[in-house]
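Consider the two complexes below, in which chain A is the common component and chain B and chain C are the respective partners.
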Partner chain A sequence: MWPFALPAVLINVAIILVPAVLTLAAAFVAWDGVGVPAWAGLSNFQRMGDDPVFWSALSNNVVWTLIFLSVPIAMGIIMAAALLVAPRGRLIVQSIIFLPRILAVAVIGRIFQGMIFSPATGVLAWLNGHGLSLSDPLADPDRSLYAVAAVDIWHWWGFLAIVFLAAMRQVGIEQIEAARLDGAGFFALLRHVLLPGISPTLTLMLILTVIWSFQVFEFIYIVTRGGPAYGSEVLATLAYRHAFLESDVGQAAAVACVMSLFGLCATAVYLRLQVRGGQ
Partner chain B sequence: MPPSRRQLFAVVPFAALGAQLRPAVAQSARKPVTFWFAQANSDGQAALRRNLVEAFNASQDKYELQLEVKGAAVNNLLKIALVAGNGPDIVQTSGPSYLTAIANAGQVLALDAFAETYKWKDRFLPALLNTSVFGGKLFALPRDYESLHLFYNKDLFRQHGWKFPTNRVELEQVADAALAKGIIPFGAGNADWKGVNEWVMTVFFNNVAGPDAVRKALSGELPWTSPPFVEAVELSKTWYNKGFFGKNYFSLTIEQAFLQVVNGKAAMAVGGTWTFGTKSYGMSDPNTVMDVAAFPSLGSAFSGPLFQLACGATLSIAKTSQNPEGAAAVFDFMLTRKFYENMNRDWPGKWALPVKDLSPDMLKGIGYPLFEKTVAQMHQAFAKGPYGFTIWTFWPNATNSYLIDGIEQVWLNRMTSEAYLGRIQTLFAQELKEGKVPPLPPRTT
Partner chain C sequence: MTEGRWARAFALGLIGLALFVSLLPIALSVLNALKTTTEISLSPFALPATAQWRNFATAWRNAALGSSLLHSAEVVGLVIVMVCATAAPCAYALARGKGRGWRLLTFYFMATITVPVQLYLYPLYFGFAKLGMVNSIPAVALIYTAMGSPFAIFLLRTYVLSIPYELEEAAQVDGARPWQTFFHVVLPMMRPGLLTVAIIVGLNTWNEFVIAVTFLQNDSTVTAVVKFYNLTGQYSTDWGEMLAAAVIIVLPVVVLFVLLQRQFIEGMTAGAVKG
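Let's turn to the complex of A and B:
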């Protein structure tokens, strides 16, 4: 058996384990990315803890996670259930809601930045020209994170809906029909039949959402670069800033370790649930 | 026996192939010189191919210059490639603040022997050349000089009877008058490039606190928390909150903001020398509405306008280069009069070589009066002084990064000026101790 697993093991060691170990090691050195690394002990973690930007980035990651554990998941479940119970036009609706997922992140970011939110060239400018008085949410440190999250949700929720729909189609038709005969409405059907039926898929998506939320980078980097005034800074953009703008690879690696910690916790929970499910 | 007709026909294709191959063989005998360039628009790329690659390769038969345009991430790529020993022969960085780490790590060669051969130390302006001297050795040549300028719509000024300001009081009077008429005083936006914050702060630090105070702070003789710098940051905050930079500073791109000035919706703009290279502004047109001058003093530390010294790119030779002589030959080719004239004509503002014997007078007649006048003024200022110091050239990386993002916290009332400068001082002191601060030019009289 082992020889069959060897290619996968080699690839995983080369592109996951080795970089992961090197990143962990880099968190304990002072290195500008081009010279010779010097042992720094825990000082990178100490400086990270003293940096108020780190704590605001961490709290932004928590907020981001809570948003993505609720809004797009709820949207996806409701849409999937609606498509299940009303299959007419399902193909067209699926295609439309999945479309944002196949667009490049950079393109979506620029569309929202320049054509939606911009007070000079966007829909916002048009609305302001017609009597409204709206400001660019991307320019407000208190709203910029939510504005970028809205962009990402637009890109993401359709994918979730398709995944949940696929899971719901595995639920026994006799269960659904029995519930309907008992007089269950849309939300009762969803609550008592469909959600329990897709719970393994739902759990997996919730756990993956936690992992992905602590790795979020592209949308924020493209749309706001973590600003203004660090208002939408998250751990990944902070790590990028440390590594490539400040030439402080050790500090970047320390932040990356914190990111990984959350991912590891979520993975541990998932594995535990898997084991429990297996038993 | 003479060859038959069939044999002759058979030979013809091989002879033709041989004729094709001969130049290729001769070409491959040339030693390659590899060069990674950062960002270049389509005009810039065409100018590079024509005026540098093709012209250099045609000028001699020993080396073949191979240029690749790598885009904005070139600084990151370069570091990784150099550490891996796979960098290009010619190492171009985005200026001394990027070069410092690379030179300190010994990833580039000392150029002193080549400098001796080609007389570079005699030819370059000391103010620029010294920014690449580490431990008494020269590690790079400055590709250009840059500064920040006050661009303004002269038609708008004339229409409203405003005089070009020569001090802070006059500048604020013009800005207030513009605001009263619904005109944005300064067209500014950082939606596509946060570095705009450092352009603005370069002006405030130098033109409020004065270049002497900035030099002392960069040398570690004066803390950044000193009163002149507090005044500079406070003034920037006052201007931001009065709306001098408009309501959409965080939403507009650089081009959108500058076009507000060209279109008369804004009166002035802070822009770098590279601004001359953007064709959509129409500033090369003899009938342009735009004019440009050095930024006036904004404090009592000095009087008169001030240019801020910047080096936008440095050129070095990789430690692992297989062809350092070829790279040096390319550098020397760049210092020829023909290259200087052609590049500045085709891509203004990107290749203003700080070379004494390439006088800006040579640019007269390239058909860009505003650029010609500005380069002449900069050349004189950087040759004789006094001049200020740009953040992207003289500030070390971590301090620079915080300076750019932290100032937004001050402008948006999330942090005091004192706390902001305190953090800058902490970061700067650490980087100064670690030898990460780029070298300063020699003092001028």
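Let's turn to the complex of A and C:
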């Protein structure tokens, strides 16, 4: 049977495993990506620890994780319950809230810059013309991270709603009807019947959220490039900056290793769940 | 009963709000793609005096979208073929293989699904640069194949597991070699799974940004999404033309989604729902 697996394994090892091991090694050398790497010991990690941008990037990753563990998950659960209670036209509603998920991030990013947040052409401009006075959140170091998170939530939450709806539909209809007959309202039904019913799915989504939140790159790089004034910088955009703008691959590798370490803990939990569920 | 009615009214209100939020940015993009720059800056919500279809023509010409769309299509085609060709036999082997080695390989592929691109991107880039493989569409297709195949392998493996083993046994008794069994018994049963894999891998490849922006930098290889990204910026002024380009890039994906929603949603939520 091994020859059947060989091509996929070879490609995967050459593209992912070997470079990943090289990244671990590169974290301990000084290397510009072109010349000969020189042993640097722990100096890449030392410089990282001394860099205030590293610490603010790390804390931005933590904030991002907390946002995504709460806001889109709550939106997804509530929407799934709403679609369960009011199922008319469910297929069309599902397709529409899923639609943002299939659009290219680069396109979504530009659309939000121009049509939502822009103080010249966006919804923000329109609101300002109608009595409000809002400034562009993408130009504000204190708010840019939240503004980018809003864009990612718009892209992401419909997917969660559909996953949770599928899980809720596995909860017995008798249970739901029984709760209804007991006079349970929307939130009582959600709390006592639906949430316990979807807890395995919810756990998996929470773990994946932690894994992905420490990897977040695209939305931030496209919308703010980590700015302004590093306000929305995260570990992934910082590593990318080190590697390709500063030609400091050793430093980039060190940041990438730290970043992977956070995801690794969540990945360990994820693998245990998957192996138990998949076999 | 009144309780139930309230719950339903509340749910309908939420659904209405969700539809509005999901559609607003998309509707604004389509609407403003048909307006002049002056009209857009007056109000994003106003209708155009006359629909500016020429925004699409200028976007197509100025952005040289034709050639970049062609590059995207080339990468997508290559990746779909490579993922299907390598993941299908591998899924068969993983489903049927017994013992420690196979368990380890399953574990390895699961781990690569969650590994961050950043953990292998930098040595990969500078390695490819040394080998002269930057700005090469087949080289990038190879990267996407590695990234997409673990997902494909696990999806296709469930199809193999659903094939009654007696079917394979019967083929073996008739003297079929393993690869004959694979082609004549297993592969036909995988066909719906291969369609889902092609859709999801194709979609991800069409939309992909990090690898494309890093590895395909010149005009003879750049993909549509990266071309769009390079031509536009946070402080762009020509939003009508830009949004027209956005619509052109997104349209093939949306059309396919409308036609094959079930496969899109099933493929993207595969493995997410735990019972």
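Points worth noting:
Please note the rule applied: the second predicted complex is superposed on the first by the 253 of 279 C-alpha atoms of A that agree within 3 Å, B and C clash if a C-alpha of one lies under 4 Å from a C-alpha of the other, contacts with A are read in each partner's own complex, and residues count from 1 in each chain.
Everything below uses one rule, namely that contacts are C-beta pairs under 8 Å (C-beta built on N, C-alpha and C of every residue); 3 or more make two chains touch, one makes a residue touch a chain.
If you're wondering where the values come from, they're calculated on a predicted model, not measured in any experiment.
A simple residue count on chain A separates chain B from chain C, and the partner touching more is C.
In the superposition on chain A, contact of A:V105 is made with chain C only, not with chain B. Of the two partner chains placed by the overlay, chain B and chain C both lie in contact with A:V34. Once the two complexes are overlaid on the shared chain, A:I78 sits against chain C while remaining clear of chain B.
Once chain A of one complex is fitted onto chain A of the other, the partner contacts of A:S95 are limited to chain C, with no touch recorded for chain B.
Judged by the touch definition given at the top, the superposed model places A:S59 against neither chain B nor chain C.
When the two complexes are overlaid on their common chain A, residue A:L138 makes contact with chain B and with chain C alike. In the superposition on chain A, A:L245 makes contact with chain B only, while chain C stays out of contact range.
Of the two partner chains, chain C is the only one that A:I116 touches; chain B does not reach it.
Of the two partner chains placed around the shared chain by superposition, neither chain B nor chain C is touched by A:S70. Common to the chain B-facing and chain C-facing surfaces of chain A are residues 33-34, 113, 120-121, 138, 244. Note for the complex: chain A touches chain B at residues 32-36, 113, 117-121, 135-136, 138-139, 141, 225-230, 241, 244-248.
For chain C in complex with chain A, the touching residues are 3-4, 6-8, 10-12, 14-15, 18-19, 21-26, 28-29, 32, 40-41, 43-45, 82, 85-87, 89-90, 92-94, 96-97, 102, 105-112, 114-127, 129, 142-143, 145-147, 149-150, 153-154, 178, 182, 203, 206-207, 209-210, 214, 225-226, 228-229, 232, 234, 236, 239, 242-243, 246, 249-250, 253-254, 257-258, 261, 264-265, 268-269, 271-275. Partner chain C is touched in their complex by these residues of chain A: 1-2, 4-5, 7-9, 11-12, 14-20, 22-23, 26, 33-34, 78-79, 81-83, 85-86, 93-108, 110-116, 120-123, 125-126, 129, 138, 154, 158-159, 161-163, 166-167, 170, 180, 183-186, 189, 200-201, 203-205, 208, 211, 214-215, 217-218, 221-224, 235-236, 239-240, 243-244, 249, 252-253, 255-257, 259-260, 263, 266-267, 270-271, 273-275, 277-278.
Residues 75-76, 79-80, 82-83, 101-102, 104-105, 107, 191, 194, 247-252, 256, 397-398, 400-401, 405, 408-409, 411-412, 414, 436 of chain B touch chain A in their complex.
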